[in-house]
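Sharing a structure, written as structure tokens. Questions coming.
All chains are identified by letter, namely A, B, C and D, in their written order; residue positions are counted from 1 within each chain.
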Amino acid sequence: MKAAIIGATGYSGAELIRFLHQHPYIKDYTVHSSSQVGVEISESYPQLNQITSLPLQEINSLKISEDADIVFMATPSGISKDLTPGFVENGVKVIDLSGDFRFKNPEVYETWYKQKAAPKEVLQKAVYGLTELNREQVKEAKLIANPGCYPTATILGLSPLLKNINIDSGSIVIDAKSGASGAGRKASLGINFCEVNENFRIYKVNEHQHIPEIEQGLKTVCPQLQPIKFNTHLVPMTRGIMATIYCKPLEKTSQKLLVELYQQFYEKEPFVRIRKQGEYPATKEVYGSNFCDIGVTYDERTGWITVVAVIDNLVKGAAGQAIQNLNVMLGIDEASGLNGPPLFP
Amino acid sequence: MKAAIIGATGYSGAELIRFLHQHPYIKDYTVHSSSQVGVEISESYPQLNQITSLPLQEINSLKISEDADIVFMATPSGISKDLTPGFVENGVKVIDLSGDFRFKNPEVYETWYKQKAAPKEVLQKAVYGLTELNREQVKEAKLIANPGCYPTATILGLSPLLKNINIDSGSIVIDAKSGASGAGRKASLGINFCEVNENFRIYKVNEHQHIPEIEQGLKTVCPQLQPIKFNTHLVPMTRGIMATIYCKPLEKTSQKLLVELYQQFYEKEPFVRIRKQGEYPATKEVYGSNFCDIGVTYDERTGWITVVAVIDNLVKGAAGQAIQNLNVMLGIDEASGLNGPPLFP
Amino acid sequence: MKAAIIGATGYSGAELIRFLHQHPYIKDYTVHSSSQVGVEISESYPQLNQITSLPLQEINSLKISEDADIVFMATPSGISKDLTPGFVENGVKVIDLSGDFRFKNPEVYETWYKQKAAPKEVLQKAVYGLTELNREQVKEAKLIANPGCYPTATILGLSPLLKNINIDSGSIVIDAKSGASGAGRKASLGINFCEVNENFRIYKVNEHQHIPEIEQGLKTVCPQLQPIKFNTHLVPMTRGIMATIYCKPLEKTSQKLLVELYQQFYEKEPFVRIRKQGEYPATKEVYGSNFCDIGVTYDERTGWITVVAVIDNLVKGAAGQAIQNLNVMLGIDEASGLNGPPLFP
Amino acid sequence: MKAAIIGATGYSGAELIRFLHQHPYIKDYTVHSSSQVGVEISESYPQLNQITSLPLQEINSLKISEDADIVFMATPSGISKDLTPGFVENGVKVIDLSGDFRFKNPEVYETWYKQKAAPKEVLQKAVYGLTELNREQVKEAKLIANPGCYPTATILGLSPLLKNINIDSGSIVIDAKSGASGAGRKASLGINFCEVNENFRIYKVNEHQHIPEIEQGLKTVCPQLQPIKFNTHLVPMTRGIMATIYCKPLEKTSQKLLVELYQQFYEKEPFVRIRKQGEYPATKEVYGSNFCDIGVTYDERTGWITVVAVIDNLVKGAAGQAIQNLNVMLGIDEASGLNGPPLFP
């Protein structure tokens, strides 16, 4: 098996390298970038010194198609939709970490991403790679649309409820928070240290492009879903997402029942961990790992359910889930390359 | 005018000193503590070197009653309820920064704070010092119950809506976030640097003691209020609170109308600033200052209103609002001592 | 008195506004920028909402010369050297926060800043505004070269020694550390949150442009000074500089003697605070203030003196010292506008 | 092979678990603590949920001696000196992460640690486990004194120079900086988030207990070493140490020569990486890994050499080096369990 990472100078690209370095099967891969061609990747990422001396190569679709069995697209949204169809046509499997192939309906993409969508026929081939919910389809996929970071936490957090409990879907509020690495590796005043540090802010109010992705994902378990309220905040930290999710059940329930429901729902999942009653995960408890940790409670006083779901946005929210999907596609142990425990403190 | 600060070694105590140092009228004050008596306050707070050489004095109620015209209680909850009645009896005005006098109904305090409440007759004398809403009562008060940090942001954020718009009060969700200084200055593993830094966590789910304070406050503007959903999170930063508030109006509204409503509601307030349509405050924009900054929006797609209210928890959420109340009680410029702009970056 | 701030959208510009807002005499000022002309400054700095509604004006030297009595140049190095001569010629006083007028010898500037120096005749008029050491000259100055942040901490830290003790000047090592705000407000990958946070790095090894400024400054108290070793590090924090200074005395000395020496040397200084024996300042103890705090010790075991000097790089290292110099020039209380205690925590 | 971790609730203990979980040979281990006996380790460290369900056991020397082949002492200094002799006597190998067995001369320990030293005969058996310098002895060791965090960075940073270049050892200045995890997991005001965040401070000036350890280590390569100047600072970050080391060669040298010297010296080392000329490592480039990265330069202008050495204090400075030593003792691949690349960002 040979892989190619396109967009290797971004944070997700660097994480892919980290996981492939620990992967038992995929040792052979190339790294590609639209800039810094010819330069060793360790020039961009000195942490990779002595780990890899791979040079960055140009993004030559034809050559990559000839050399690679699997391509990771770790590029910003808007790039993959032009490159991926060629790979797919050439029989190369693609795992796309961008938003370009996540929507079955191209109009949704065009409305929220404000650019032209990928060709409809290629969109139809894409499997939405939220592994826990779509494992069977992932196994057969030629093209994986790797989920967004917020949708991963949110959909994993809400699915057990929507599948098993009568929820007033009009009551769903998702208050999400992310570390700054979600913005990618680029020069931008808004993510400068002095603007983010010792500060907490809300952004993209009412208009985050992950809203339709969450709604599409939740509709597969709850077809009658009403539009959801979803807002995002920037936390002065590098990694981590927490989705604090609120909703009202139509009938009374209990903390105990809810915790049991979640434990059963995710019983066999290697990467979803449910906290026991009265405990909730913090983002650092999944730091650097592919886990999604979830706590759930019911407030007798108010009738609200609160679900707390955390992931490392660069891992389960990006590169880690991509490797998890690769493993499923290859039919190997789903945790291959992903065994390292979270880093704490 | 002579003041006494009881609990001067806590963060709120230090902030009171910072503001009194810049106050045009109250230059004469003493500092009191149950520990470190005899030691200069600058031993605890080296930033105060050459600013004050006041020694910490014991908490001798009788002597303080003789010497001081006004007492700031900057002690943890549970201390003030024993000390304050004596001061009030002796004719000394008290501004209590703890939770001990915030509830008209002692049972509510006892349920949520899990300890005996202050005497009912003293509770009756206390004025809830959310200055913007209770200015007239503050003017005449002998005893101010200075509001909690979360209630300040939340009640200021929700009052214009609840007073002017038909809100489904059962839909109110308040997702609040705070920096670590809200936990006070004490040795505690949970607030150690390595446990808080690069981490984001939820705490006191369903059971934060500020819940009944918020409900009591909101009921003065919306008597039929249903129980509210309120959760709190710890942000890896020192200062700052953001309350992200969600609620559904019973009729359609618009962003423009809401912004205008808020601007009118707080038009004459020196310390409340409303962002224009499409803009929302970040916590650092009020850093070190007594401002409460608010942004509001309406999501046409979902029918939800989002209100974003930020304060510096140690200032408008504690010491600053105490000084503001003092100024109102004294009939002087409400911003006396509080003129310093926020510190940014 | 009317002032103009040129480069008001930078961090030093914003700090100048913060101090002028609290200044008893200079209430009238204009703000100028090469970008965003016509826009209110609070668009760039929302913390200034309701504090000032001044619009950014273009940098029209002629008009500024007509309107202003004093100009603050808060621009990056390389801008002031072209603008300042015109102001000086027009009789407008200038306080330049950049490096353009700090060197008597233009060749030194050209070597270290790698660009053309200001005209020699204007350089000759400039007074190096390290207030504590040059107060008499500042009083009469038409043009102040406001010192760099590192030189301020270092020269204040070393001067008492070099003036009073026989130091082996070849042994001087200055290991300096700064928060990220020293890099200014700009989009740059190197100061992105994720690159700075939870990281510590050294930069500009052997070649920091503040080296010749420190040497020029120290030579005024120690003419036979040998070249000094000076390195700088980036700390994951926004504000603050610490210079840890090492040197060897030619004769034995003692901690007690050194502390007394420093206390006497700075006895009458409003903004220099000497810690007592065995205590050393932390950067946060001067946060947001114009203080330079210093601790000094002697290590009997090794014969090394250690001096620890801290400042807030944006205040005593930039805008605050500029205001201090202004106050000296005006013959008013040197602390005017600078009375706010440090912000802690 | 069976291992026991004593002091498993500390940060080093948790790191040992992280590495053993990824170790190809040591899967079987027990965890011991003086508190929380009977509780699962994941109660203390929720990141370990589903990774291990081991309960904390009491520290019963006899039972541990029967069950374990190797004991990791991850306890604070002062504990191991009482427990370790028994293990050694029982033929159990010990890797002690505390300072108790690092000094050949018990008086040095007693002077700097201010408590009674371990028995001299056991001290004599201990091998100082700085793997790169003592690999041959480590292979045969029964008792490893695992080096301190600062000494690891400093001795690795200085050894190539002291072995190969004529250095004025009286000129050596080591200005060291560490993240807060070096202080361990405990409740202590000085390491509370609000006291450390956005702050930089110096501590234990002239008196850090790692000074004699560094001197003892350097004397093995430079017997005539004069007392060194070594100071430590607390950086507002969790992990990472940088030692910035200054010294003067007695003859001129060059950047090129120095870099080559270091590259040759550490050529075959799996965990030491030398940066090329003009480049220096940042702490995050070794984050979570066992690397020690080093940059070195010569300043023609001043004649000073600067060496920059970084490690992750919890890994190469504690648990990682312990595993590395274990691997050497076992004669297996030295990187077993330590293959994960650094985590960046």
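Keep this in mind: contacts are C-beta pairs under 8 Å (C-beta built on N, C-alpha and C of every residue); 3 or more make two chains touch, one makes a residue touch a chain.
Protein names from UniProt, one per chain: A, B, C, D = N-acetyl-gamma-glutamyl-phosphate reductase.
Note that this is a predicted model, so its numbers are computed, not measured.
If you match contact pairs by residue number, over half of those in A-B turn up again in just one of B-D, C-D or A-C, and that pair is C-D. In this assembly, C is the chain whose CA centroid lies farthest from the centroid of subunit A. Distance from the subunit C centre to the subunit D centre is 38 Å, each centre being the mean of its Cα atoms.
Taking each chain's centre as the average of its CA atoms, subunit A and subunit C sit 45 Å apart.
Subunit C has its Cα centroid 36 Å from the Cα centroid of subunit B. Residue positions of subunit A touching 2 or more other chains, listed in rising order: 11, 181, 185, 194-195, 197-198, 236-239, 281-282, 284, 287, 345.
If you check the complex, the residues on subunit D that touch subunit A are 11, 14, 17-18, 21-22, 45-51, 181, 185, 197-198, 238-239, 273, 275, 279, 281-282, 284-289, 293, 339-345. The part of subunit D that touches subunit B in the complex is made up of residues 11, 179-181, 185-189, 191-198, 236-238. Residues of subunit D touching subunit C in their complex: 171, 173, 175, 177, 179, 194-195, 197-202, 205-206, 226-229, 231, 233, 235-240, 242, 244, 246, 280-284, 287, 295, 297, 299, 301-302, 304, 306, 308, 310, 345.
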